[in-house]
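In the two complexes below, chain A is the common chain; its partner is chain B in one and chain C in the other.
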Partner chain A sequence: MKFILFFILLVTSIKSFAYPNFIGHSYTSCLNCHYNPFGGGPLTDYGRAVSATTISSKALFPARVDDEKLAYMSGFLFRKPKQNWLRTQVNYRGFNLVRNPGSTKAETKQWINMQADARLILKFGENDRFVAVTNFGYSPEPANPIAGDKQSEWRSREYYLGYRITPRLGIYAGLMDKVYGLRVIEHIAFSRTTPQVTQNDQTHGAMVHYLSETWETGLHFFQGNMSQDKDLRMRGMSGTFEKTVFEHHRLGFSFLNSKNDYLELTSLALHGRFNLKEGSSLLFEAGQTGQKPANGEEIKARYGLLQTSLRPTRGVYVLTNVEYLKRDIEQETYTVRWGPALQYFPMQRLELRLDVYNTRNFTPDASTKDSWMYLVQTHVWL
Partner chain B sequence: MIKFILFFFVSFSALAQHAPVERLFKNKEYGKIVNTYMSKQYLAQMSKRELLLVSHSLKELKQYKKNNVLIQYILKKYHLKEHKEILRKIRKKETIDSDDYSKSINILYWQLYENFAYIILKVDKIDKLKKKDVADFKRLHGLLSELEFREGSVEKTNNRVQTHIQYLEDKVYHFTWSLSLQYVSWQYDATMHRTSTGKNTGLILTNKGYCVGGDAGIQNGFYHFMVDGCALIGSGGVSAYGDPNVVYEQNLPAKGFKIGPSASMIVSSSKSRIGIGLPIIYTSQKLTQPGDTDYKVEEKSPISALATIYSRWQFGDWYLRTEFGQYFGSQESFWGFGFGKQFN
Partner chain C sequence: MIYTILLTLLIPALSWGQNLVSVRATMIPNTGSFTAKSIKLKGRLLKQENVFTADRLSVFVNSFETENNLRDKHFAEYVGGGSKLPHRRIDLTELKAQDGKGTGNLIVNGVSKPIEINYEEKENFIEASFEVRASDFKLPRANYLGIGLEDLVKIQVQYPYEKK
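And now, the complex of A and B:
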C-alpha cells in the first residue's frame, strides 16, 4: 500500500517554478533571480525587477511608464519595500486541462487549482548573505488518493536556511528540490519524472553551492522528506556541474543516487543551455535512470528533453518541448511527446500559457492513436 | 585716409547685412535667410555670427548637406589652425582634450556630426546610402570621442545611426538555400471494411524515419520565405483500433516526400526564427490485404496536406530545426527535428 502511495505521490502534479530558458536573456545562473541558487521558489528583488523590465510585456502600461518605473513597482503589492530584511510573496496557479480535445466520446475538461501559497523570506547581511525561506499553501491532493492515506491539501513544500560564506560559496539546509538536471517548469517532463525530481520530490537535506566566473556546481545530501513514513524516504545525494562555454552557453552534467526500503534509484544526465539572444534559447537534457526494487532486477530507463524557446516580441515566448522516453532500454518500445506552447506575460505578476501535448508511442510491429491534451493556464503572483 | 574709408566701408556693409539676418532669424524667416544670403558673394562678407545664423537656418530647413558645406567653410575660415592641429594629433594618436580648444570648434564638429546623422537617418534604402556620408560620420564620431565632447549625446546618436544602417541592411532580401537532415514521424490512416457486416474499423500507421532535403527562398533580416522539401525514407507499424476483435499488425517500409511553402519571422540577432508551413506529404506505402476475403483494406489518397509550426535556431551557418503539424481534416500529426546548413 505504501509503495503504491509512494508512486502516486511521484506522479501528482504541482508546479515548481523555474525558467532555465531565460538563459536567452543572458542569465546563466539561477542565483541572479532566485534565492535558491538552482532556481525555483521565490524571486529576489532583482529577479522581480528583471521580470518587470525584461520578461513581461509593457503593452498594458502607458508610454510614460518606463522600465525604471516598472522596476520600482515590481515589489510586493506594487511597492518598493520599506525595509531590507523581510519579503512576502503570494502565488496562484490554475489551469483548465482538456484531454482528448475534439473527441465527442472521450473529451474531458477539468479546472485544477494547482497552487495557492504564501511565501515568506527573511534576509540579512550584505547581498542577502543569510536567507530563511518558507512557503505554505494549497496544493491539490493526489488524483487517486488511497483510502486512509489522505494527503493534506495545505502544506509547505519548501523551507530552508541559506548562508553565503562568500559571494561564491553558499550552504543551504532544509526542505528543497533535489539538485539535478534542468529544473524546467513542466512537471510532467520525462526528465523530471524519471529521475524523481519533480514537484513533490522535495527532500530534507543540506546543499553546497559554488559559483565561479565560468562554472557552477552544487552537491546535495538528503535524508528524504520527513513528512513521509521512514521506509518511504529516499535518502542519498545528488549533484550538478555546469560550465560556461563560448561566453553565453552552459554545458553540464548531473548525478543522483537515492534509496529507501523498496527502491534504489541511480540517475545520470548531460544537459545544455544555449543562449540564442533576445530571449531565444535552446535547452537539452539526456539521461539514464536505473530503478532497482529491493527484491528485483534493475530496470534502466532513458530519457531526453529538447526545449526550445523563441521570443517574437517582449512578453511572448513560443516554446516547444520534445521529449523522449524509453522506459526499459532492453525493450524496443518508446514514447515521444511533442509539446508546443505559448507563454505570455502581459505584465509582471501575470502569466498566461497554452500548452499542447501530443504523445506518440512507437512499437515495431504495431501502432496506436496519439493521445492529445492541452491546458490553458493562469499564473498570478503578488 | 584710405584706411579710414576702407574701415568705414567694411563696417557699414557689415552693419547693413548683420541687421537683416538677425532680424529675419528672430522672425524665423529661415527660407528668406537661405535664399538671400546663401551665396558666395554674401558669405565672404559675413561675420561669424551671421554665418552661424545662416547655418542654423539651414538646419531648421533640414538642408543638412548645404549646412555641412557651410560649417566646413566656417571651420576653415575661423578655426583652420586648431582644426589642423586636432587632425594631426589624432593621426599621431596623441591625447587630445576638448578643453584645450575653443568651445566653438567643438560645437561645429558636433553640428557636422549631427547633420551627417540626419542625412543617414533620412535614407530609406541601403542603395541610396552614400559611403562617403557614412565614412564622414564615423570620422566625426571618432573625433568627438577623442575630444570627449558631449559623450552621452555622441554615443546616443551613434547608436541611432548604427541601428538605422543595420535596419537598412536587414531590409534587403537575398536568395538563400540550405541542406538538412531530419528525424521525422508521420502518420497515415486507412479503413478495414468488413463486407458481410458493412462495418469499418480504423487502421493507423505510425511511421518514423529520415527526411533528407533542403530549402530555397528569400530572406532578409526580418522574414524568410522559402519552399522546403525533402525525401522521406522510413518504416512504420500499422494496427487496427477501435475494435478489439480485429487484429491487423505489420511493419511496412515507407517512402515519399514532403514539400511546401513556409514563411517565418526572424526573432533574434542570432537569426532564430519561427514560422508556419503548408506542406503536402506523399507516402508510398502499400497495406497488404487480409487473408480473410470478408475484410478489405481501403486506403486513402497517398497525398495529404497539413499545417505546421516551423522553427529554426541558428549557430552561424548551421542550424537546428523543429517542425510540428497536423493534417487537415484529421487528428493525425507530423513532427520532425534535425539540423542543416545554410548557404547564402
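And now, the complex of A and C:
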C-alpha cells in the first residue's frame, strides 16, 4: 500500500501534458471513437481524427500541415472518405519478446506476429445508427491453448451487427469481447486473463448498451465461441456499470458468470478511471474470480491493476503498470508484476512501444528469483 | 489513498486563479464533455454596497482552450460565426446583480439575449454560473465527424471586482 501511495504521489507531482486513455481527454465513453460502445476494434471517423490530432505526434510533418489537415488525412486512403456507408481498415501488430534479458544462459528472443487483420464496417443512418463490423486475419494460436481446442490462425475475432434504437440505447449481436472490466490493451494483464476476457476470449452473444447523462451500462448474454466444440463453449452473462463522478471520472463494477461442461467461472470487479487532466489518466481494477471445476472445489483468485499514463509531449506516453495476482486466496502465495512502458506515436497509423516487466512470486516457504522480460512492439494501421 | 486521489483532482482546479470563463459542452450522444476555458476576460466589475454592476465584460473566442488544439480552433470558429471569426468577441453587458442573482445581456455570434445568473461572492471576486442554449444565439447544430454537441451549455465565471 505504501508503495502504491508513493507511486501515485510520484506520478501526479510531475507536470505533464496528458495522455491517451481517453478518459484523460474527457472522453468518458468509448463510443466516440469505437463502433463497439465498450471499446476495442475498429475506430470511427471521429476516433481516427482524435488519433491523428491528439494522440499522434506531428513532429514529422512540415509546419504547413496543421491539425485540420491531419484530421482530413486520417481516413483509410489518407483523405476524408467520399461516402458515408463503408469504412475499411488494416491493422498489424507484432513484437520482439525478450525473456531474461542479459542472461547468458536463459535469454530468449522471439518475434511474434500478434495480429494482422483487415476490417470492414458498413454503417447507415444518422449518427451511424446501424453498423455491421467484421474483421478477418491472422492471429497466433493462444500460448496455452485449451486441450482439444484447435483453432485456425486465420480467423475472425470480431463480427457483429449493432443498432442504436435511440442515441442512448443500442443492441449488438455477434462475436464480440465480453462486457467486463477495463479493456486495457495489455492482454497479459491479470485483470484480463483471470476472468478470461482477453484477446482470444470473444464470444457469440447479444449485448445491450445504455448511455445516460451520468452513467453507462451494458449487459452481455453469450453462448460461447461457436468455433469451439460445444462442450468447451463458455455460456453465460456479464455486465458492467459505470457512474460518472466529478464530471470527468468514472467508477464502476462488473460481473461475469459463465460455464461449460467442465468449469463454472464467476467474477466480480470494481474499477475506476480518473482523468488527471490534459490527457493523463489513472486506471485501477480490483477483482475476484472463482473457478469451479465440474467435479471439484471452487478456487478463488484475486487480482489488481493500477495503471498510470502520462504524456510529456504530444505523441509520447509514459505508462506504468502495477499488477497483483493471488491465484488461490486460501494460499499465501501471490505474484506482483510491474513495469514501465514507453509508447510513441510518431504519426497517425504508427505506434512503437517498449514494455518492461518485472515479475516476482512471493511464497512463504521459498525464495524465487525475479523474472524480467521486455518487448518492443510495432503497431501499424491504415 | 482516497485522499491522495482527491488531492490530485483538486490541485489543477485550484491553479486557475480568479479570472476564468469556462464553457462546458456535452457531446452527443452523452459520450463525454469538454470544457473550454479562457483566463482573458476583460472589463470592470464594480461593487457598490451589495450591488455588482458591469457595463461590459468581454472575452475573445480564440482565447479559449480545450486541451485539444483542433477543438480550440473549431470552438472559436463555431462561436465566432465562421473561419474568419466575424464575431470574435463574447460580451456580457448591462450586468446588475444583487443577493446572489443578477441579469445582463449576453452577446454571442452578434446576437444579444437577456440572461439570468446566479452568483456567490468570494473574498474579492464573484463566482457566477448560468446556462444558455446555442440555438438562442443562432449557432448551428455542432457536429464533427458524427459527434455533436448538446444545445444547452453551462457557463461558469470567476472574476475579481473593484469596490466603487
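Everything that follows uses one rule, which is that the second predicted complex is superposed on the first by the 352 of 382 C-alpha atoms of A that agree within 3 Å, B and C clash if a C-alpha of one lies under 4 Å from a C-alpha of the other, contacts with A are read in each partner's own complex, and residues count from 1 in each chain.
Here is the rule we use: contacts are C-beta pairs under 8 Å (C-beta built on N, C-alpha and C of every residue); 3 or more make two chains touch, one makes a residue touch a chain.
Owing to the predicted nature of the structure, the values given are computational and were not obtained by experimental measurement.
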item: Room on chain A for both chain B and chain C (clash or fit); value: clash
item: Residues of chain A touched, compared between chain B and chain C (which is higher); value: C
item: Which of chain B and chain C A:Ser29 touches, first, second, both or neither; value: second
item: First, second, both or neither for A:Thr54, with chain B first and chain C second; value: second
item: Partner chain(s) touched by A:Pro312 [first = chain B, second = chain C, both, neither]; value: first
item: First (chain B), second (chain C), both or neither touched by A:Tyr46; value: second
item: Partner chain(s) touched by A:Lys277 [first = chain B, second = chain C, both, neither]; value: both
item: Touching partner for A:Ala366 - first (chain B), second (chain C), both, neither; value: first
item: Which superposed partner A:Glu247 touches (first chain B, second chain C, both, neither); value: second
item: Common interface residues of chain A - those touching chain B in one complex and chain C in the other; value: 274, 276-279, 282
item: Residues of chain C defined as touching chain A within the complex; value: 1, 4-5, 8-9, 11-12, 24, 26-35, 67-70, 73, 144-148
item: Chain C-touching residues of chain A, taken from the complex the two chains share; value: 1, 4-5, 8-9, 12, 18, 22, 25-29, 31-32, 44-46, 49, 53-54, 67-68, 71, 127-128, 164, 167-168, 211-213, 246-249, 274, 276-279, 282
item: Chain B partner contacts - residues on chain A that touch it in the complex; value: 24, 102, 274, 276-280, 282, 306, 308, 310-312, 318, 320, 322, 336, 338, 340, 358, 360-370, 372
item: Sites on chain B touched by chain A in the complex; value: 185, 187, 204-206, 208, 236-239, 241, 249-251, 265, 267-270, 272-274, 309, 311, 313-314, 320, 322, 324, 331-333, 335, 337
